[in-house]
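Next come two complexes, and both contain subunit A; in the first it sits with subunit B, in the second with subunit C.
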Partner chain A sequence: MARSYLFIPANVPRMLQNADVFEADALIFDLEDAVSSHEKDEARALLARFLDEHRPEGVELYVRVNSDDDLEKDLRTIAPYDVNIVLPKARSAAIGNLTTLFKRLKRRFRVLALIETPKAFFELDVIAEDKMVDGLILGAVDLLNETGGTFSEDGDALLFPRNKLHYAARAADIRSIDTPWPRVKEGLEHDIKRTAALGFDGKCAIHPNQVPSINEAMSPSPDALYKALRIIKKYESEQTTRFSLDGEMVDKPVIEKARKLLDKAKRYGMEVGEDG
Partner chain B sequence: MARSVVSGSLESSDCLITLTEAGETSVQVDTIVHEAFQRHLESLIRETLKQSGVKNIKVHCQDQGALDYTIKARLEAALARYEENDDG
Partner chain C sequence: MVEKDLERLLDALPLEDGMRISFHHHLRNGDDVLNPVLKAIMDRGYKHLHLKASALFPVHKQVVKALKSGCVTDITTNYVSGPVADHLSKEGLEGSLTMQTHGGRARSIIEGGSPIDIAFIAAPAVDESYNASGVEGKNPCGSLGYAIEDAQHAAVKVLVTDTLTTIEHVQIEGRHIDHVLKVDSIGDTSGIESGTLAISSDPIKLKIAREAMRLLKALDAIQEGVSFQSGAGGVSLAVTAMFNDYLKTHGLKASFYSGGITAGHVEALEEGLVGRLYDVQCFDKRAIASLKQNEAHIPISASDYANPSNASRVIGDLDIVLLGASEVDLDFNVNVTSDSYLNLIGGSGGHSDTAEDSRLTIVVAPLIKARTPLIQDRVQTITTPGAHVDCVVSERGIAVNPARRDLIRSLEKTSLPIMSIEEMQALAHHYTKRPAAVKKGDVIGIVESRSGGRLDTIHKKVV
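So, the complex of A and B:
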């Protein structure tokens, strides 16, 4: 599972061909907002040739497709390649319509649903439960344009959408992915800590410089991993779901949390050592 | 007036392809990289043109250090635009 999802404009060769050096866990090649309407055709041609000849390895690949008349052209272009899609302005009806399109193209894509309209928040459970959907992404800039909220460091305007989206994703057992922070560095650390504290699985990045901070903040800390390892070892040796460790009571939810943390670390390729 | 289309840009690692209707096919490459690479680009463009079947066209490629995939993609996009603009 990915921690960082880096947007790469699909019509910029220097970004495409360097995409795999930015150390993001997932790349989202953007055919939508990063490409002006008169450049869509050349962006599709460039992305197809790039995937033919320079497909990055060892990283999850997505394409943010357009949600309008260009959607089918986008899907046709990327159909031959091992990529999945980010669907902007996702609504339950739009996701339902994908089924017909996928049949016509004889190609099924997995979908990350970009939630960026107020109405989508009132059908999140339906979107999250769709069998094609692997995750929900919060798109805060467009959302706040509609709600009138402000994208600020205190994050107040995003508290409800962030929590609602994360809970819907968790209930459906799919990924929750937070919105990118709109500035390259200023305020980024604070924003990422909030993302991690809310329990999100990953976060989007709009600049390669944001990736290392996201990866670090979204990974379990060595101290937390060491403690989780000790909890699991003691649980396995004592065969009870209620015991004390370092003066703290450990019960079933704590054991489960420790197990999830260790699983998460394994997914990120982190080493879990005895020495912390 | 001769039909003319462009694709790409003059940004680093990109190229700007200009196609113009002409009496015969010709390829002009201006590149910021070594002269030896100019011949490679010309050959790449002629091969892509051959595959497209488009003839009687002047290709002007202003290369800013583009890799092969970019040259081919920009030329393919330009050729598609050229075909779309065919009023005959």
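So, the complex of A and C:
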């Protein structure tokens, strides 16, 4: 499961060429907001050529498609490639319409639903439970434009949508992915810590320089991994789900959490050392 | 007697056609000594001069006029950029261009292989005994490292200053000096900082910096007492910052940083992360201020920095150096003298010196620059021989010189993207395709090795 989702404008050759060197776990090629309406055709052609000749390996690939009349053109363009989609301004009805479209194209895409309208929050359960949907992404800028809230470092205006989206994703056992922080550097670390503390699985990035910080914050810390390793080792040697370690009681949920943490570290290629 | 008029000074100097005159580059792009002095000499009609400037920057436009007029016919320097470089690349010169290294220049001046008839030395502050300081005066430049050999070995030595005062930090002793010229201004200190200072925000360069740090960690190269040198480019500054962070978080202290000194080096000194700074050149105002105030920040001459004949040269004890490249070839030869299209863009400076002396030489560069691949079959100009280059770090992988089997063994079990130089080239060609051969024009000069041999020839661009 990806920690970082980096948006790459599909109409910028240099960004496309270097997309896979920025260490993001997932790339979202953007055909929507990053591309002006008169450049859409050119961007689709460029993206198709890039996927033909330089498809990045070892990274999850998504395309943020348009939600309007361009949607079908976008899907036809990317249908031959092993990519999935981010659906902007996702609503339950729009996701329902995808089924028809996919049938017509004879190509089923997995969907990350970009939740960026207030109304979508009142149908999140339905969106999250849809079989095509693999995850929910919070799109804060558009959302706050509608709610009148401020995207600030204190994060107050996003407390409800962040929690609501994360809980809906958890309940449906799909990914919860936090909104990108709008500034490249200033305030980023603070915002990422909040994302991690709320329990999100991943976070979007709008600039490559945001990716290392996101990956680090969304990864288990070396200390936490070392502790998890010791919990699992003691559990395996004592064959009991209730014991004490360093004066702290360990029971089944703690063991399960430690196991999940170690699995996560393995997925990210992190080394779990015996010496912490 | 201090002369206050350039013309009267020139009257007093034994100027002749064909003379060898020198300048240093510590004021970098803020220098206002070379241009007016050369113009005055040119206006007097002298011909066939050999210009021996330690480096030439974009500000030195007068050199182009002097080349066109026949006033200057030969140039020996360690670095050339801007209009002079453009002119040489396209038009060549009547005589020859010799590109030296910083250490090689000092060696050749001391040993007599590259004599100087008159040295014009920009000096930010001069006292009544003709002692000179680089850290005092109204336009300080910091270390005067590249002027020391000129001041000691030229036949005639002239200090050019805008500040006559008592000085505390003597870098050039008055006993060597024959004349002092007082001018209104020797230049602009802020010009020192052009093209340097800022840690890169380019994500590709930052990726390269992170990969270089991962390599250093994987090689376990950062130990207590380590010595380190990096330049003032964006990648180097980023690695220096990461290097400092690593020292701090691991409770380590480096023995010294050397070469061109920046604010990042100074911060490390002030935080106790490094014992000494050996400063042959200041790259920013923070470095200049530190050189003036901090006894552990030590000015050194070019000879004490990198002269291969000087057994006690500082870089003889250097553990790690980080260097740039415009091209690298399949034998690990590095070019920082020209680009792939034969445009002169710089020169060795200390590149070749430090690569040869340092125990670990890491070249950092983007794999693709403006659709041109970094790795070529053969570099256009060899600045630093591949035998002295250990690793090439790009954003897409790391190539280790096969001659360094010890490094290859150390990296066998790491997750670093280690690849052969041929694989790295193929990776670049995947995006750029194989570039067409570039036709070389006439030979206009040579790259001289630090010990004085001919390393390569420099060709004119075919326009």
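What we mean here is this: the second predicted complex is superposed on the first by the 276 of 276 C-alpha atoms of A that agree within 3 Å, B and C clash if a C-alpha of one lies under 4 Å from a C-alpha of the other, contacts with A are read in each partner's own complex, and residues count from 1 in each chain.
Assume contacts are C-beta pairs under 8 Å (C-beta built on N, C-alpha and C of every residue); 3 or more make two chains touch, one makes a residue touch a chain.
Worth saying up front: this structure is predicted, and the values here are computed from it rather than measured.
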item: Fit or clash - subunit C, subunit B, common subunit A; value: fit
item: Subunit B versus subunit C as contact partner of A:Gly155, first or second or both or neither; value: neither
item: Touching partner for A:Val12 - first (subunit B), second (subunit C), both, neither; value: first
item: Touched partner set for A:His54, first subunit B, second subunit C, both or neither; value: both
item: Which of subunit B and subunit C A:Val21 touches, first, second, both or neither; value: second
item: First, second, both or neither for A:Pro222, with subunit B first and subunit C second; value: neither
item: Superposed model, angle subtended at subunit A by subunit C and subunit B (C-alpha, nearest 10 degrees); value: 60
item: Subunit B versus subunit C as contact partner of A:Glu42, first or second or both or neither; value: first
item: Touched partner set for A:Pro182, first subunit B, second subunit C, both or neither; value: neither
item: Contacts of A:Pro212 with subunit B and subunit C, given as first, second, both or neither; value: second
item: Distance in angstrom between the closest Cα atoms of subunit C and subunit B, superposition on A; value: 5
item: Subunit C-contacting residues of subunit A that also contact subunit B; value: 17, 54
item: Touch list for subunit A against partner subunit B, complex; value: 12-14, 17, 41-42, 45-46, 48-50, 52-54
item: Interface residues, subunit A side, partner subunit C - complex; value: 17-18, 21-23, 54, 184, 207-209, 212, 269
item: Subunit B residues within the subunit A interface of the complex; value: 7-8, 11-14, 66-70, 72-74, 76-78, 80-81
item: Subunit A-touching residues of subunit C, taken from the complex the two chains share; value: 201, 203-204, 206-207, 210, 368, 395-396, 415, 430-431
